Structure formats: C-alpha cells, structure tokens
Amino acid sequence: MTAAHTLAPASDRHAHVTESAFKFFHELRVRWAEVDRQAVVFNGHYLTYFDIGITEYWRAIGYPYPDALLAAGVDTFVVKATIEYHAPAYYDDMLDVLVRVGRLGRTSMQFLVEIRRAAEHLVSGELIYVTADPQTRKSSPVPDFLREAISRYETTPPIAK
Amino acid sequence: MTAAHTLAPASDRHAHVTESAFKFFHELRVRWAEVDRQAVVFNGHYLTYFDIGITEYWRAIGYPYPDALLAAGVDTFVVKATIEYHAPAYYDDMLDVLVRVGRLGRTSMQFLVEIRRAAEHLVSGELIYVTADPQTRKSSPVPDFLREAISRYETTPPIAK
Amino acid sequence: MTAAHTLAPASDRHAHVTESAFKFFHELRVRWAEVDRQAVVFNGHYLTYFDIGITEYWRAIGYPYPDALLAAGVDTFVVKATIEYHAPAYYDDMLDVLVRVGRLGRTSMQFLVEIRRAAEHLVSGELIYVTADPQTRKSSPVPDFLREAISRYETTPPIAK
Amino acid sequence: MTAAHTLAPASDRHAHVTESAFKFFHELRVRWAEVDRQAVVFNGHYLTYFDIGITEYWRAIGYPYPDALLAAGVDTFVVKATIEYHAPAYYDDMLDVLVRVGRLGRTSMQFLVEIRRAAEHLVSGELIYVTADPQTRKSSPVPDFLREAISRYETTPPIAK
C-alpha cells in the first residue's frame, strides 16, 4: 500500500503520465468507506472514480459539467461502461485517474480511463457517452465547441468514428 | 452473524417487535459493499437504512414519499440526526429497521428508529424532520392529513410537542 | 415509474423471467440515496445491484458467498465488468436482477445479468470472475462442486469455455 | 453554488478557519453520486465526510489511521454520532471539513466537526469514539502518545472529561 506519509514527491509520482497517451489526470485518495471486507476497493466504486475523473476533464477543457453543457442545450448520458481490474487498490492509496477522449462520433464520445497508483496500472475503463437533449433524452450531435475544445486539449488526437 | 440459511422463521424473528413501542418495521439484508475493512457496516450507512425505513413507513401509512407529500405541497427535510451504535451489524445479516413517530410538532416530526438483528438491538436513531415548502424550503405546518394518518397508524401515540 | 402501490401482483410482474434464458432473479427496490440529480439511478450503482444478484445466486445454488467458498479454500475476484444502459431506473422502482452463468472456464466464470422493471429490460451486464486462492489471490480451478451445483441449477446450461 | 471556476483564492476561502476554534481542516469536493433528486448532498454522506476529515486529522497529528494506532495495540470505534443540518451542500461545491478534539476522556474522545462552504457553516457534527482492543473490541485507555499528540497539535485545548 502506498501510504501517504511515504509518498514520493508529486512530480515523481506522476512522471508515468507524460509517457502515456494521456494528458489529463486527477488525483484522489481511497476512502475507508470504499474498501470492503477483502480490504480492497469494492468493484463498483471505480465507476465513481471514473465519473470524478470525467467531471474534472470537462472542467480542464473549459466546460464544467453539467452547467456549461446544459447552457448549450446538451447533456451527456452513459450508454456503456467496460472495466478491467488488473490489481486492487487499497485504503488510503493515492490514485491517479487518467482520462482522455479516444473517439468522437456524431452523437457519441468514447472516454478511456486508467486508474494508476504511481506507475502501477490497476484498472482500465471505457465509457461510451451519447450527447442528448436534456429534456427528451433523445440523442443529438456532439456540439462543435466540444469537439474543438477536446481536440485543442488532447495531445493524442481522438479518432473520428 | 445471523447467516440467512440458519434464520429462524420470520414470525419468530420479529416477535420482539410486538413487545416494543414500535408497530412498523422493514427488513433488509446487509450488502457486501456496505461492510468495511473492520468487517462491520460502515457507520454512515445506518443513515441510509434509516432513510429506507422512513420511506417504507410513509408507504405503510398511505402516503408514499415524496409523491403523496409533494401533491399536497409539502416536502420534508432532515435537520438533525443522532445515532447510537451499540453493536455492529455484519455482512449478510438480516436486519429489522423499526420506525415510529415519537413527537409531532407544529412544523417538525421526530422519528425514532431502531436497528435490530432478531431480538438484538444494534443501533438507535433519532431524526428530526421539518415540513417545508418544496420550492422555497421554508418551514410550513405538518399537514393535518399526515397527523391523522400517523395517529391512526401508531399504537404508541406520538407526543404533541 | 412503477410505483409500489400500483404494482401488478408479483406472479404477473415476473412472468417475463420464465420466458427468458434466466431461471434466477432477485427483486430489489431503488433507494433514494441511489438516485442522482438527473432523477435516475447513478450508473455505478448497477454494479452494486449486480453484486447483490450474484450473492443471492450463490445462496440459491446452495453455496452462500463467501463462507461456503472459503470453506472449500476458494474465493472469487471480478476481473472484468461490462454494463450496457438501455433505459434508466427511477427512485422507488421495483427491479428484478436476473442472473445466470453463461460460461464456465477452467479458472473463470462468466455471469450474465439483466436488470428489468417488470418486462422492461433496463440494463445488461457481463461479469468475469476468476476463482483464486483467498490468501495469494492466484487463480485456481473452479471447484467441481460449484460446476455441478451450477449445472444442476441452470435451465440454460453454461457453455464450457 | 460555489462553482470551482469562480472560487476565491484558497487563502481567502479558508480565512474563516483561523477565526474559529478549529486549527485543522480538510478540503473536498462534492461528487455527482453524492447528490440526490432534491439536488443536495444526501444526509448520510456527511458521515463519510466526517470520516475523511478525521482520517486526515490523524495523519496531521502524526498517527495515520489505522496503522499507527494498530501498531500501538489500539483501534477506535464510533459509539455515537450527532449531525445538525443547517444548510445544504450542492454538487461540485468545495467544502472544508473542520475537525478538532473537544473532549478527551479516559477511554473516549469527542470529535467536533463542521462542514463549511467558504465562511458559510452548513453542517455540525459530534462523534464519540472509544479506544478499544482491536481483537476483543473491549474499551481500553486512550494511549498517552495520542493525548500528547492531540494536545500538542490543538490551539483550543481539549477538555479533560
């Protein structure tokens, strides 16, 4: 377990990110209430970590969720999530949630997520979101301002699906 | 731990309720995700159990939350919660959440809650709710139809504060 | 929303199960704390629902998790989860969690899960578990007694991978 | 709502702490999954916030929970929690969790907690913990090293009960 009081300096801990296809990461600490009787993070909580990472990604590209999206008449809804569990996270671990947009479709976006404890890759995720009308929840095109903000931000350009 | 496959018949398990001041109880099973590294239910989850118990109490007296209340122009907001932890609950335990209204004020209600594993009393709770306008969240009188439904339902009459 | 007080009788509500490849289902009610600002169940909570369904599946086939497995020197760990969100679940909904074993490998099991609100199919899930030594967490063969219990229980036989 | 992109500088946001009886605070951001259909943080999640605050308090005084305590043969168990809800917290709010030890008894500690959004006081909490043997869970004296670490740290000295 990477106890907080023995952590490497933040600059060292995050060196692995710059060598990856990811530009964005968000750091969080595992909470007591998230760890189960097996002494590991319960599998469902990684979707909360993904959600936090994506929330911070929206903020990083200048469109905080949901207000900046709702103001433009669009909301996002997850339609598919895939999670691969390589190694467990433990109580009090400092984790990096790495997030990038892998594909940009006409009405959908693929987010790729990795959970790492320093250089160790614990969990991989893929989330497919559709953009939709907030009221009717019918799918609508990904707005151009989002495409541009994402493309401007990313170092690994998203694939246009 | 009261494992499910060795449970006494439901009629025996709940005998303790009829000897108490409580008429209403709701049964639930402890989930894996609610149990922490100490192998006991995390202290915060009891407020979720209380909330479930009170939701079912509203249903039992004929006013399911929140629709039946909102239809009458009233919502409820918790203003104080007190929890006493006597003994831990474990994974897979079948618990009874006992609920009754202890006091009925002009704009507030005191709910008393007990969590039991068969006759064993694990946790006590007290929740103070105020009735309020759903939009402004300003306190408003407890509607007469709720007072009457509660008084009609309870065997131990609430104290008028 | 399927409000509890307007529910069809349980026999009618679950008729859809017998027409499916699933034999096992477990019923649960959506909690207030599981519903987000969009008024729908937060996407991560479905993994908790899946976990509850699989816990009850183990109980149904005679091997309650984890004691019956640990007694045989084996534990299970999820290595991959896939969730498809077709339609949202709402507060107070009564949901069926349908569970079956789709594939039985040498050291892994594929669980298929569906979340339904009466006949309406809301969410699909696939969970890959490995059987492993509880201490070392190294993979170990799925015990024969589990294979037999699953094959005896299921009406749609698992594929041997 | 205090949106992140319009936040005052951290130094200004926390000015209120130095005017209080609290020395320690921990900052956290409200997660999407913690906010309910009323668009406010669900009442039970404040106990998770309290738990995080107290975890960080232990770290701040040099005894990270639980390892530093377990190494000294002691664990802590909450026996009573009281929460007063003055005003709601919203999605994406940056909150300060203020923590101090109010009383130090022979085998118990009273933690006082406040949740603030900048200077606004949202929630008050009181948590009574007992120190106990980790195995038997029988109460044992608060170790002297903890008393000293707390007294050394606090600017408002705990009352000896």
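Lettered A, B, C and D in written order, each chain numbered from 1.
Criterion: contacts are C-beta pairs under 8 Å (C-beta built on N, C-alpha and C of every residue); 3 or more make two chains touch, one makes a residue touch a chain.
On a predicted model such as this, the values are computed, not experimentally measured, just so you know.
Among the other chains, B has the CA centre that is most remote from the centre of subunit A.
By the residue-number overlap criterion, the interface of subunit A with subunit D counts as same, with over half of its numbers used by both chains. Per-chain CA centroids place subunit C at a distance of 37 Å from subunit D. Taking the mean of the C-alpha atoms as each chain's centre, subunit A and subunit C sit 26 Å apart.
Residue positions of subunit D with contacts to 2 or more other chains are 32-33, 42, 44-45, 48, 51. Note for the complex: subunit B touches subunit D at residues 38, 42-48, 51, 75, 77-85.
Only residues 32-33, 35-37, 39, 42, 44-45, 91 of subunit D touch subunit C when the two sit together in their complex. Subunit D meets subunit A in the complex at residues 3-5, 31-33, 48, 51-52, 55, 59, 64-65, 67, 92.
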